[in-house]
């Protein structure tokens, strides 16, 4: 009989590896009957893993996640998406009004208002990195937490904020229609581990075999994802593999369950973040993240970043020393 | 000002309650209306006062009301209709508000009508704290305060003991004739107390059982100020009236007349 | 079953309303209570029926109520207290529910009391659709349905015309004496109508103005079934009673007695 | 007996005028059609707003687009799935919250023992946002149906308590005294006098609570829900599918209208005596 | 006059027994202290729950920790900043939503013209979750104070409308008729008869609406707010700082108690006649 496990996840393309592993039966091959539990916010996923309602979770790293994991109940065991130069990544948009007043590049963000989703979110961290790279203090930027992507879009369009950092599938149409101006890419400034696969500490000790099986299947999914969407040709442009449309359709089933398959698949291809083919974590970046968040007072000083990670399930995590 | 009932008829759905009622009442006149329970007396008053639209006929007024009148056609309701959240005083004040009266006039009017109805000590009590008869007296006090041209009174003394009733009837007699500075006023007086009817009325309309129809109009002659409750002549008139009504009662025992029922 | 008022006294806050009232009423007896408006009659009834706790004295019962009685001490309220969301029939049914009576008995009882009070045609009407007198009769019908041992009636016929009142008084007389199969019952009868008092009562308690105190107890002799409203002897007794009361009224004109006021 | 006259009708004088009718009792009538027309007007306004660009088309598509989205969802069977999932949660949560709320509200309205602690706790707990308590809900009720039903039950419980005890406080105590005087049991008094007397207020509270229940579908379906109108609205928001988002809003709104219609019908039946 | 007796007191027989008192009218009393005790009990229960591990310490800290967090926030002045920001929004939003809600509810309750369209639109719009419409709010009201006040105003408007028209429907029309009969103007009838008559229901609605207003601080302060109790709770939730989150919840709860206390005091004064 198959062992039942559930995974909490959001409907994002960046979790595509997981969806592929499900669709292609990699979990079944490992003897796991995986049920996907879709959430509409990241927070409850981590909570559900802590409370034991789901065995695994895949989400972005936030200050909140680190705070929760820092209490010892969670372990990050593999990677999700990553910000990598040359691949899709978050973009910085300026409102038309601000652009006209001279906000044309990232170094001019000082003194401007910037919309982010939430305090301690990836956008918040990325704004910090942009500030550091451009030599101004984050404090000189007025951060506006707006909670949701629709709110961010509404704010930039109506000029309520001067700039936002936002995912490419939303940024591009805005820039294309002239409702906002693209002024930079986050990946030009920093590479960044967005999120990961995590489970409860109890699982890593009590049900190690299950976790190992899960990770193996998960890695296969990640590999398929990387092959389909991330291959590059000689000139450094993304060269989609011939079967990428079929692969994208599999991912789209979970990300855009309600949309027409062809259209949805195209959206998936256009929004494919970089995912490591072996689902390896950028360990050094995570340590940097936690340190920065601690410095900002967003993560509790008592949190030990290394203790959050369990690197024993995958060999060769990046920057692990 | 005269109030005129002009061939008034009314029905509630299939239930006819009033049939072709006509009469007139003017200043210094009292028309008493007596009749069996449920024959339409309260309905008639409501129609006369413009609170209900008759199905046929009209309520009319002729002549101007006295200038000082705050509310020419004024009711004393059978169920009192007091505002439970206002004190006795507040209930009376209600009808004085919005007429641009000075504070002093308002206070004096309230003092006067409460004294006349024996409620001075209870000016600040809420209706809930009053006895049944006291509530009824608040309704009377309020009506007096409005300085009516015609008073439409629906069993106004029914909850009062004989002596209080005597005193208030004396008061009403004075009011109608316009004693002192006040102007005379008209009164339509619904009652089931025949002694009251003969004591106060110029004309007594005896209604039949539902649908109410004027069976007889009895005229009581003589100055009402000279009448006394124990006047043998009045007692005799009341007895006569009673015989008249009893004949009707014998005719159709209990309320089993062949009217359409309200049921269903 | 006997109902005993044992030196009952009561006050609302600073306002004394009853002072040392004692009497007894048993099966086949009617005690009438008359007195000025606001002297505490309704309060006394409430105390007798256990709805209010007296400040001094006690209400007592002696002997067992008849087995068939659903509610030994039963009220007819001055303000009727009908449930507006129940029809006439439903209001009567209320007091029959929860006694394990068969459907047939309930239906028969309702039919009977509605017929007695002349409400048969209005069984399915809501209180809002009734005239004042009809509402009062629903209160009486409901009380009769409860098969009381002692009826506590608070001006039960005040809203009724003379002929309906006559008919219902005849009914009450029968009830008290236990005509037919029924057991005799006792009655405390608050009224301001002296004719009613002499027509129905064995003893009439004449209360003084507030605080109510028994000024006189008038005994009316003779079989009440033989009494007629126009009996000259009864008329004489009523006139005597009236003189008695008037003397009190003259003594202290209007309600300006030196009682603590309820104000403030 | 003298002086009998059968018609005292006066000669009509020029001066006669009808008594002014003053019986208007502010008893407004309900017209289903007018209500429907108001909805149509709202949709037309919305159409105008998107035609004239008062609402950005990205954020708020036109009614036509939303109806298209609705049609697609209806045809694919998706709508039925979402709606049935939400209806079960709503019905369950409102049944629990409503019943418990009425019972507790009655207790607060009737018993000195319950009143002070009960009313205080309600005042203290009602203002706590459900969203802030999601972690605890997950802990206590898991991420299955029970946490969703619990969210709605909690959300509808408090307004029902307040509406009920307000309504009970307002029941005419002289009717209660009447019931006592006829020896009715406390249970009979509560069920036959106080409950019907409080019914108008309770039904009014139900209108409010049911709407709150529908609003809370969103909060409830934040936690691990794949199906449900709230989950769909949330997902559509995350994916910036504003046509689907507004389609979901329209569905919630129709749901609200249906529930209000049902309560209105119940009211009409039970409060016919007014 | 014959047969006068002044004392008819019977010989006390063994059989005599007092008439059973049956005057209990279900009029519960309010005791401030008992209410306070209930709160203390709640906190003790919470303490017990965290001591005995019924609540995971990861998700729900003990009362002690929360009080510590509150103390820190109070000392640093942070609490005052958040509280004053929220109070301004709450007061503004509730003042607008409450007043408009009472006015519109009165109109629905009084006018045939308004009733059907008004009640229908309220039933259709109330169940729409504010969160789903935040983007439109941003478009219309910006991300400054006005969108926050508007969120609370909208949220409190609808329950006030429903409570008000329910209460108006329930006002005894025979009192209105009395007012008419004394020639009172419609305005006087509305302000002196209908409004006071509907007051109990309106106050009950205010209890509900004010609590909803406090709950909505969260939704309101979702948009670009750095200050405010709601914003603090949200940020604490995002950062998983459960001590600060619960501190915020405690503040909201105290706010709710205060508002309920004020309404209770007003009620006591205005409804003394009951």
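For reference, chains read A, B, C, D and E in written order, and residue numbers begin at 1 within each chain.
In this text, contacts are C-beta pairs under 8 Å (C-beta built on N, C-alpha and C of every residue); 3 or more make two chains touch, one makes a residue touch a chain.
Heads up on the chains, UniProt names are B, C = NitT/TauT family transport system ATP-binding protein; D, E = NitT/TauT family transport system permease protein.
Note that the structure is predicted; figures quoted are calculated from it, not measured.
A.B. asks: If each hop has to land on a touching chain, what is the smallest number of hops from chain C to chain E?
C.D. replies: 1
A.B. asks: When you check each chain against chain A and chain E, which touch both of them?
C.D. replies: D
A.B. asks: So which chains are sitting against chain B and chain E at once?
C.D. replies: Common contact partners of chain B and chain E, which must touch each of the two, are C, D.
A.B. asks: Most remote chain relative to chain C, going by C-alpha centroids?
C.D. replies: A
A.B. asks: Please work out which of B-D and A-D is bridged by more C-beta pairs in contact, and write that pair.
C.D. replies: A-D
A.B. asks: If you average the CA atoms of chain A and of chain D, how many Å lie between those two points?
C.D. replies: 41
A.B. asks: Using the average of all C-alpha atoms in each chain as its centre, how far is it in Å between chain D and chain E?
C.D. replies: Going by mean C-alpha positions, chain D sits 16 Å from chain E.
A.B. asks: In angstrom, rounded to a whole number, how far apart do the mean CA points of chain C and chain D lie?
C.D. replies: Chain centroid spacing, chain C to chain D, equals 46 Å.
A.B. asks: How many angstrom between the C-alpha centroids of chain C and chain B?
C.D. replies: Chain centroid spacing, chain B to chain C, equals 26 Å.
A.B. asks: Residues of chain D that contact two or more other chains, please.
C.D. replies: 22-23, 56, 59, 135, 139, 177, 180-181, 183, 237, 242, 245, 274, in rising order.
A.B. asks: What residues in chain C touch two or more of the other chains?
C.D. replies: Those would be 49-51, 73, 79.
A.B. asks: If a residue has to touch 2 or more other chains to count, which residues of chain A qualify?
C.D. replies: As it turns out, chain A has residues touching two or more other chains at 43, 47, 51, 148, 150, 153-154, 157-158.
A.B. asks: Where do chains touch, given as pairs?
C.D. replies: Final set of chain pairs in contact is A-D, A-E, B-C, B-D, B-E, C-D, C-E, D-E.
A.B. asks: Provide the residue numbers of chain A that touch chain D in the complex, in ascending order.
C.D. replies: 8, 10-11, 37-41, 43-44, 47-48, 51, 53-54, 148-150, 153-154, 157-158, 170, 179, 255-256, 258-259
A.B. asks: Quick one: which bits of chain C touch chain D in the complex? Just the residue numbers, please.
C.D. replies: Interface residues on chain C, with respect to chain D: 49-51, 70-71, 73-75, 77, 79, 81, 83-86, 94-95, 97-98, 126, 128, 142, 146.
A.B. asks: Chain B touches which residues of chain C in the complex?
C.D. replies: 12, 34-38, 41-42, 78-79, 115, 118-125, 129-134, 137, 154-155, 158-167, 192-194, 230, 239, 242, 245-246, 248-249, 254-256, 259, 261-264
A.B. asks: Once bound in the complex, which stretches of chain E touch chain D?
C.D. replies: 22-39, 41-42, 55-56, 59-60, 108-121, 123-133, 135-136, 139, 158-159, 162-163, 166-170, 173, 176-177, 180-181, 183, 186, 189-190, 194, 200-201, 203-205, 207-208, 211-212, 214-215, 217-218, 230, 233, 237, 242, 245, 248-249, 252-257, 259-261, 274
A.B. asks: Once bound in the complex, which stretches of chain D touch chain B?
C.D. replies: On the chain D side, the touching residues are 1-10, 13, 15-23.
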